[in-house]
Amino acid sequence: MNYVVLTIFFLLSALTLGSGIMVVTVKNIIHAALWLISTFVGVAALYMLMEAEFLAIVQVLVYAGAVSILVLFAIMLTRQITGTGTRQLHSRWWVAMLTAAALFGGVIVPTVWQQGSSWDKTASDAQAILVQQATEANGGTRPEIIPVAGTEELGAALMGEYLLPFEVVSLLLTAALIGAILIAFEERTRRRRVLTLAEELALRKRGIVEPHDEEGAVVPVDAEQAV
Amino acid sequence: MTYWPVIAVDAWIGLVLVSIIKVTLILVGGSLGMMFLTWYERRAIAYMQDRRGPNRVGPQGLLQPVSEAIKTMTKEDITPLDADRVVHFLAPVVMLGATVLAFAVIPWGNLFPSSLRVGVLFIFAVTGLHTVGMLMAGWGSNNKFALLGGMRGVAQMVSYEIPLLMALLPIILLSGSLSLTDIVTRQGDWYGFGWYVFSPVGLTAFITFFIAALAEGERTPFDIPEADSEIVAGYLTEYGGMKFAVFYLSNYMTNLALCFIMASLFLGGGNGPGVTALGTVLGGLLSLVYFFIKALALFFLMVLIRGTVPRLRVDQLMGFAWKFLLPIVLVNVFSTAIWVAITRWGPQAQIFTDWFGEPASDNYLRYGVAIVVTLIINLLAVYAVMRINRRQPSDLTEEEIALGLAG
Amino acid sequence: MLTKGELRSILSTEMPAALDQRWAEHAATAEEGHGEENKPVLQQDDAVVNAEHLPAVAHFLRDTFGYEYLSNITAVDYLDFDMIEVVYQFYHIDEPADVRVRVRVGRNPEACVIPSLTPTWPGANLQEREAYDMYGIDFPGHPNLARVYMWDEFTGFPLRKDFPKTGDKYTHVTGAE
Amino acid sequence: MTLSTRKGTVNIVEVNRHDNNIHAGQGTLKGLDIVFRKFRKALFGKANTERDDTEGQFNVQYPEERLVLAEAYRNMPILLYDDATGQELCTSCFQCERVCPPQVIHITQAKHPETGKPVPAAAEFVLEYDTCMSCGYCAEVCPFDAIKMDHDFELSTADHPALDVHYTHLLRPVSYYEAIAPTMWAEVRDAALKKLQNNIKRRPGNIGVDHGQKIAGKSSAAAPKAATPAAGAAGRKQYTGPIAKVGTSMSEDKLARLMAIREANTGKRGGPPESGAHAIEADVATNAAGQVAPSDQATSGSAASKATGPVAAPGKNMSEDKLARLMAIREANKAKQGE
Amino acid sequence: MLKTEELQVNIGPQHPSTHGVFRMLVTVDGETLVDLKPVFGYLHRNHEQLGEVNSYLQNMPFTDRLDYFNSMVNNHAYARAVEQLAGIEVPERAQYIRVIMDELSRILNHASALGFLLGDMGAWQTSLLWGLREREKILDLFEYVSGARMMCNYSRFGGVARDIDDYFISEVKKLMQGLPRYFDEFERLLVENEILLVRAKGVGVLPKELALSYSVTGPLLRGSGVPYDVRKAEPYAVYDRFDFDIPVGTVGDVYDRFLVRVEEMRQSYRILEQALQQMPEAEGGHINPKVKQQSLKPPVGESYARVESPKGELGFYLVSDGSGSAYRYKVRAPSFINLSALADMCKGYKIADVVVILGSIDIVMGEVDR
């Protein structure tokens, strides 16, 4: 195996893992979010190393560019950003650690068990393995579409084999979107509205001197100013 | 002479060397290009305002950006006392990094095509990282104006990325590829004039993309994150000297990249009359010239807009993205599908073949029908969107008319 | 349209309590010294009203005669009379001449109080603040009676005639003390 | 539209809010179009020099190009002395000190060395240029036309105390003022010089001349002013900008009067004028000579024009025709003197 | 439920669009403005007390520094107040000269004010520089006649400092040949610009019913639809001899003020045309020669004289005690009083609108702080 690639791989892995550790250890949550972005970018670089270009770019576009920004946005609107004085360790931290370790083991052990023999393969070898696996799965004949992370294959898969899950997920997302809008709308109507001068005047003309908002608070209108 | 082959032993060393050279070229070229652009913009806008612009340093003031670069570099580097020092420092780095990455996939004429298969997506993925830098700058400065600017900037970027990418979809549909090189080569028909902008869908895509690109590059009328008359300089408020220069550099490089991308996607990149006829080297050089002329013309359009229009307000900016651009762009995707169907579908839709003949590049009937149909669809869409968004005076209450909301 | 002094006669029948008669005699003595230099004379033609009646008079002027534009509020410190006069200038929108309503109050802080017109004429807001800043007139009813020109920590009222005016930056040039 | 009020009718015009037009971007396109037209005009170097012009570049490339200053232009006050005798026009009447709004003029009256009585001359005259507000009252009220407003505006200095300008640096020869404001001087010249003659009679010894003679208007470098225009004048080109035609405002009869006054004065004064006047005349000559072919230089756009006049002159601010006329007058005068 | 927190932001005193050293203490809820407190005084130089110390004539150049865009108008107003106090007659010709200067001032003020307003909206100075180009030409004329471009110090009691000559008149005529082109260009550039429309329409509404109670004057009042103009209500100088219209708005928003200013420039142009036409017949010199300028001692009394400055009603209130300097000297500065409407006009709008509304009031801090 190529040492350069290996070196790059280890560097990227170190970046990803190190950033991941930083995410959970730093006290300042903004810094944590920034480390999270670093993790995402590291993962994307790993994808790129595996020649999964599309996946890498989507990782950057969606996770580093959008999801983490939303996280950051949400964090910035809260208090206690610096996290000074907050404790990071729970008294039963070891339970959490054991759970995490178990879950990680549950993923990594079977993977190593199954794929351990193909560790010294290059990308083209991996391609060959994929072809071989697909052929086996297809009952001995080589299928037309080899499942790799190319854009065309992805597109074909989403529009063919996985159409139903795709549509379901789309519906779910749309529902979530509508829900978010609804919540925001309700919030907006409940918020105390600041009346402009002209609106105040218009209300007063209609005889409403002290308009109440929905929470019952009085929106102040200076009665003296009525002309 | 004996050690030369030693280096060439391993191919990857050569690859790394070439990559380093390329990266250096992009960085240096990008910086020089940015310097040229600042001069270009200032001179052009000066002429629009009946002035002369910088004309003292060097011939026609061409060295003015150099003197300014020296000035900014020699300025004191100030970090506000209560700022988050690391974040404050890293923000311009992230910003510039994201910009420079975008240059990796730009095809420079026909001379240096880029190879990434998903180049178009790549550009927008990495420019999307701008938001991170912006947010870091806004938050790290510990300044209300900076925070407001950062927030505005991020909201704007996130909103406009959607119409930006959606406006791109028609081009991807037309070319069937995500690679910029492919997209450019497929516009080489019609004696070098097979640009996508000449079709109704391409034109709509171009206009919407251009508007969204103005927002993405923080140009007037969408320069809200750094709206100097409202929030001083937005997220740049607490930056000075070299850090500010890096922001500035990244901003102009982004704009340059956007111009290059628009030139490649819609205006045929390096394609033009005579490029194919002149052969690889000469034609390639000519294509480079075409490419730069197109990009600079697009930048001039940006400057012209900057010299003319005021700035939108934040809520209007968001409204414009979601209420105007997005519907139009979505309809445009649909009409692109129709265009593709009419011009290309042979066996899939026998009825088209019956009516208009076999699909071919010289079947003008098919193209004519496609143009008419898509044009009608797009115009209807624009009209409908404007109609929906424009409230009729009859819909308004008396007070609202009094408030002047009728327009 | 009201001519000069007409408001005064109208007020003497409509609201006799509003008119301030305290300064008539001062004016009479000043009348004799007319022509004498450096001695201001109190104007008697316009309506001089008691401070507490000012809003009533102003509303009366606005609602009955249509003088709805309060153009100018000027405070004048008459140190000789131990009095601060505040001149309210009202205009009718079609008339060239103004109607001046004068309020005369003492200079000591207890007496220097005039009800604010800001609730009805928001345009008086800054002018009353200026009068407070420069002359120390208190305007009860004003929403935010703070100093407008001088800094908040400043003491004294600079446009009062007894405010010390000292200091010359350029004595070194002239050599004068 | 008219509106009836109690006073009668008032014409009002309601502004058009364009409420009912459809706005689909055509307004912006209109704007882009007009801006682009401007750009095109200015790009091809159209200069905007006429007052009724709204297109083309209107800016002045300052150190090389200069607007011609109006005669009435006032910057800082200066004091005048007679070229021929060196007698200062100031009589320390304190009118200017009294009227000066920011109180920046400080005069010490000259005393008779023996009797100690006041003499109509100033012993010291201090002007704080840093506080002066250039209102021009001192020049307006001066009954002896001794104090005038200078045209020199390049006074910036890092030396703040030097802006308390003393008598020696305030003095300029009469001919200097004549050069910068010929008509304004011509109107008062007779009276001023007559008054000066009266005052000279009451000035014993050297009082009234011992400030100006030493520097003779050529301005020592220590003075914050006066050195600058000469230094920056080399390579200056005449800008025929919006105000270049000021000289044409001199009406014919005024001109004739000026000529007559000049002639009369030369006769009265007798003998050639002092060096200051000579210098100015020489400068005017070189300036005028340098203007034979200035037009192509002016349009070439190169930053530095190549004219290298020896020492330029206060006359640089004058328009061409004015200069020419002045030259003619001077020539005539010289001829007369020579006879 | 979610709760948003109000944020206090200081806009100014060092801020690109506060037109000088002016501070707005703004409370915002999100981007919506809840409260605004104008804070100023950074430029306060006790102008009114200087007026009580200086002689009447000495005070004239200080009035230049009030609204430094329109020193001609300031001089005119102050001279009127003193003339009224001392009972000085002004020759007809001097009145015409003053009117010409006032209207030129109005054009130059509106040209630059509109440019600054659009600059506040974010237009990259194009409209401003076109306005400044016209302003330059007018300032050159001022310089020619008065000796200074901005601090003109031109009026004297009973007239003006220097007479205008044929060259000046011909240059004004020449200038006026170009002005309509400038107006047209300006309107083409921006009046129907969509972005300007959305930024200006319905923003900063000052309803007609409330406008007068806010004591606002000038384009602000007329934009709200009240046809009040001192030139019509109290025709001073020779304004009763001219035929001109008062432009008024209908809604009272920023757009109306913008349009009113554009239209006012055209009306000023009309006045200038008529003034130049009537001027040659005007009697009297440029100044009343009987007036003792330096040692003027008006009789005991008081006077208030006002003119329609481009920013509104500019008035001077003078109380004389018979000595050589005023006993009380008060400036009714239009910018200052128009500012009192700012807070209420901004309430409920977005923070980006605040600078636009401030720009539409058109303040000059020299006049506000005095």
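Observations
Labels for the chains are A, B, C, D and E, by order of writing; each one numbers its residues from 1.
The definition used in the following text is that contacts are C-beta pairs under 8 Å (C-beta built on N, C-alpha and C of every residue); 3 or more make two chains touch, one makes a residue touch a chain.
Note that this is a predicted model, so its numbers are computed, not measured.
With steps allowed only between chains in touch, the distance from chain A over to chain D comes to 2. Farthest from chain A, judged by the mean position of CA atoms in each chain, is D. Ranked by the number of C-beta pairs in contact, the top chain pair here is D-E.
Chain centres defined as mean CA positions place E nearest to the mean of all protein CA atoms.
As a whole-number value, the distance joining the C-alpha centres of chain A and chain E reads 57 Å. Distance from the chain C centre to the chain D centre is 47 Å, each centre being the mean of its Cα atoms.
Per-chain CA centroids place chain A at a distance of 26 Å from chain B. Of all residues in chain E, those touching 2 or more other chains are 126, 130, 133, 189-190, 193, 195-197, 201, 205, 207, 210, 213, 251, 255-256, 344, listed in ascending order. For chain C, residues that reach two or more other chains under the stated contact definition are 93-95, 120, 122. In chain B, the residues touching two or more other chains are 48-51, 307-309, 402-404, 407. Listed in rising order, the residues of chain B touching chain E in the complex are 45, 48-51, 144-145, 148, 220-221, 223-224, 227-232, 306-316, 402-405, 407. Residues of chain C touching chain E in their complex: 34-41, 43, 68-72, 74, 76-77, 87, 89, 91, 93-98, 120-127, 130, 134, 144, 147-151, 158-159, 165. On the side of chain E, the complex with chain D involves touching residues 54-55, 57-62, 64, 126, 130, 133-134, 136-137, 140, 143-148, 151, 153, 161-162, 165-168, 171, 174-178, 181-182, 185, 188-197, 201, 227, 232, 243-251, 255-256, 259-260, 262-263, 267, 294.
Listed in rising order, the residues of chain D touching chain E in the complex are 3, 10-18, 21, 23, 25-28, 30-31, 33-35, 48, 50-54, 58, 67, 69-70, 72-74, 95, 98-101, 133-137, 140-141, 149, 242-243, 245-246, 248-249, 251. By the touch rule above, chain A contacts chain B in their complex via residues 2, 4, 28, 30-31, 34, 37, 53-54, 57-58, 60-61, 64-66, 68-69, 72-73, 76, 150-151, 196, 198-199, 202.
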